[in-house]
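Each chain gets a letter, A, B and C, in the order it is written, and its residues are counted from 1.
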Amino acid sequence: MARHESTHTTTMLEATHVASDEARMNQQQSLLAATPKPLNATRALLRRIIITIVLAVLFLMPLYAWLADDIFMLTLFGRILVFALAALGLNIALGFGGMVSLGHALYIGLGAYSVGILSTLGMTDGWLHLFTAVAITSVVAIPIGWVALRTQGIAFIMITLAFAQLFYYVFVSLRQFGGDDGISLTNLSSFGVLTGDKYAIYISLSLVLAFVLWLVNRIVHARFGLVLRATCVNERRVNALGTRSMPYRLMAYMLSAQICALAGFFLANLTGFVSPAMMSWVVSGELIVMVLLGGLGTVFGPIIGAVAFLMLEEGLKMMTDHWPLIMGPFIVLVVVFLKNGLWGLLQDRKESPQGDGGNIK
Amino acid sequence: MNKPHTTITESTLMPNATGDTPMSSAHFATPQERSIKKPLLKVNGLVKHFGGLCVTDQVDLTIFKGDIHAVIGPNGAGKTTLINQIVGEIKPDTGHIYLGNEDVSHWSVARRARAGIGRSYQINSLIPHFTVLENVLLAAQAAAGHNFYFFKPATSVTHLVEQAQACLESVNLIAEQDRVAGALSYGQQRLIEIAMTLATRPTLLLLDEPTAGLGPTETERMVELLLRLQNQYATLLVEHDMGAVFALATQVSVLVYGKILMCDTPDAVRNSDVVREAYLGDEEFDA
Amino acid sequence: MTFNLVLAQTLNGFQFGILLFLMAAGLTLVFGIMGFVNLAHGSLYMLGAYFAAVIADHSGSFVLAIGVATVGMFILGLLLDAGGLAILHKRGHLDQVLATFGLVLFFNELVRVIWGNAPLYMDAPETLAGSFTFLDFNYPAYRLVIIAAGLLVALGLYLLIERTRIGMLIRAGASNRGMVGALGVNISWLNRFIFALGAALAGLAGALVGPILSIQSGMGEPILILTLVVIVIGGIGSIRGAFYGALVVGIVDTLGRVLLPVWLGQTFSPSLASAVGPALASMLVYLLMAVILAIKPDGLFPVKARGS
């Protein structure tokens, strides 16, 4: 299909951050020509079923834990929720905005350290922690985003990584706040009688997750989302139409950072522990894997990705100490063979390049 | 519609009545009223070098509303580079660009677009995975101010959707509005290209080879469309298809090696020796 | 703050810069020519160090260890590229980042499985184990050797790039990848060679660094990240940029860590210096990068022309 190739070529020249999107779209196209439409109804049904099951399991976990007195499961699933939230956030920048940030764990860490540092200093008010987490993250994300967005392609990835590492080393060297070892928190975020209650933490986390899910769905379809998604594919055209692309990308980057900060806030409260390892580049990498595994640029995908990845990790950890030997190649295989992610397999085959992020249901 | 047969005759007409290079003024064949009106686009002394190569050599252009000003020339003459400079993607070395009353020479691409420059591309530059409507909506909302709206779906913003649909109707694509843009035929995508350009509510149309890649019927439709739009805009048209050029243009500038060889009525250009020499051997000109 | 101390630290910075250059040269070529983001570059450095340590231990010959590590990494580079990384050339950066990230996890664990968790140590050869003395200035001879070796390699790369046909292809590929392929050059062999060359340089760096650092799992990543900073500052695809960028980063980082706490202690107070000194010193290089990028987003010696 020569004409699509020429579109492909132009946008390849113009696309800055997500060349893989184009390759993916082109491949999808050849698949799609042959797939009959009735299958879309099955896919939609499957999606609805899976979303219901996943959300049900996640939201009903506290009930199960209370009945079975299984705090371990509650904490495990709490961690899954934390990373599902962070992955949702990252997807705004990565999946919809095409910004490959290898440093988003930084914002999880900043959220967590807001709790950790303020607690250690004696300021335990939960709302203060929350506000600080989001505020500090915004203040950090804007200059980093601004500098990074001045560059193109690979430089963007490297800069986000470099800045995340910068903060990692800074926190490692903050000996009064635990340094390399981190801090075990004696006081968690104070929310009156609910302070430190694992069930309360879990339930509020699930509510926040649900809210953010709803929010992402709105944003993606709104005028802002249209600009962002278009910029991801053809920034040159967006500018030529009269919309300056930079402010929108920066806003998307900042939003995604803030959501990660929320995740960090919950992580600190859930585990009662804060350390620089939370913002290591390994975590950033794993976060991207979760988003990819779920399905870039889909609304619900990151949740699937986080669930799948973390459950696999837990399973492997139980089998062997040397689980990275398996996880590493697994990631390579996912990248090579499952580019559209698990959730991507269930997206509607429209008659052309993959449907955009609209398909939450 | 038959494409006019445009052979160059052994005419001894001078390319320009004054005999010298037609750089100083480029207003032609117009009713007297036009000398009072302000030109929509005025390009003065545009020069651009890439390293040692001069790709734009003292180019002047003046275009009024209602004009369709075609820029023709052999491959590599610098036509697209010229458009890129007017649009703002490339900074010229010297020269000025005026849009109406404003000197836009130092404005950004987005700012010039909002000021009224609508540009379409030689190769389709859509968002393939958006629907046809979403593509045009993107353009319509660009002209509507900022877009930091996060909650209401873009497709529910009635006034913008209506604008977008109006543009789609003018290119006869309204029936396809919900189809994914990448699935349409090349010719239809070319029309989406135009619809997007129109949706930004421009005053000046910069069309880079709108008939590129189109078959004869589709070219005809494109020409009809551009004729219908003629009086609402000032149009600068880069084209290789001579049939389209002579069917549409009110003036023609011939660009060779970055220099405007002549700027005159289509007939004068068609009969010009100088131009024929420049195109010698170029089969497109004989089409 | 004696002159000797500052001189020694400057030389340390220079030596660190040379090591970074060895890493950066390979990475910038791989990225500039092939457009391939290789996060596993740090793993190649780490494996070079392990190989060298093991060979030195068994054979007693330092030179052999360095040689085997370098050649071994060259071969590993060929195998990796032939074995599957080539698929990723056509994919976007995101896919490359993730796939090589998976490799990093794998290699970091692999060395733990083979050689255990405890760090390995490597001795510098006896002839070089001493100090070099000039007037009353002492400096470890081995570090001078690293500097010398690195400069030789830089010279060799310069000759390769500027004076040979392969070098010409490399330079052409750095500014216009597609064109070189279109000219009929067997682009996949060129790519494979470049990738292997980059791997060899990383392995050499790892081998050279064996005697001065402890060799352990995960040692590659801190160096990798600084290497990324170097090539972003220097300009992606530019060897010259890698050279100057590496020296700047090496010297700023080393001197910064030494001088900044001292300056803080003298200007403010010793307790402040020990509290925030190390943290601020870690930030220096990244702040430098941010400033350079704010002014010149394509780096100091950009290779690809922007815009038109």
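Going forward, a contact is a pair of C-beta atoms (placed from the backbone, for glycine too) under 8 Å apart; a residue touches a chain by one contact, two chains touch by 3 or more.
Remember, it's a predicted structure, so these values are computed and weren't measured experimentally.
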{"item": "Farthest chain (mean CA position) relative to subunit C", "value": "B"}
{"item": "Central subunit by CA centre of mass proxy", "value": "A"}
{"item": "Inter-centroid spacing, subunit B versus subunit A (mean Cα positions, whole Å)", "value": "43"}
{"item": "Chain centre separation in whole Å, for subunit C relative to subunit A (CA means)", "value": "31"}
{"item": "Between subunit B and subunit C, centroid-to-centroid distance (C-alpha), Å", "value": "50"}
{"item": "Subunit B, residues touching no fewer than two other chains", "value": "89"}
{"item": "Residues of subunit A defined as touching subunit B within the complex", "value": "3-4, 6-7, 9-11, 14, 25, 29, 218-219, 221-227, 229-230, 233-234, 236-245, 247-248, 251, 350-356"}
{"item": "Of all residues in subunit A, those that touch subunit C in their complex", "value": "17-23, 94, 100, 102, 143, 147, 150-155, 157-159, 161-163, 165-166, 169-170, 172-176, 281-282, 285, 288-289, 292, 296, 322-325, 327-332, 334-336, 339"}
{"item": "For the subunit B and subunit A complex, residues of the former touching the latter", "value": "87, 89, 108-111, 113-114, 119, 121, 123-130, 134, 137-139, 141-143, 147-155, 157, 179-183, 185-186, 189, 196, 200, 213"}
{"item": "In the complex with subunit A, residue positions of subunit C that touch it", "value": "31, 35, 37, 84, 87-88, 90-95, 97-99, 101-110, 112-113, 221-222, 225, 228-229, 231-232, 236, 275, 278-279, 282-283, 286, 289-290, 293-294, 297-299"}
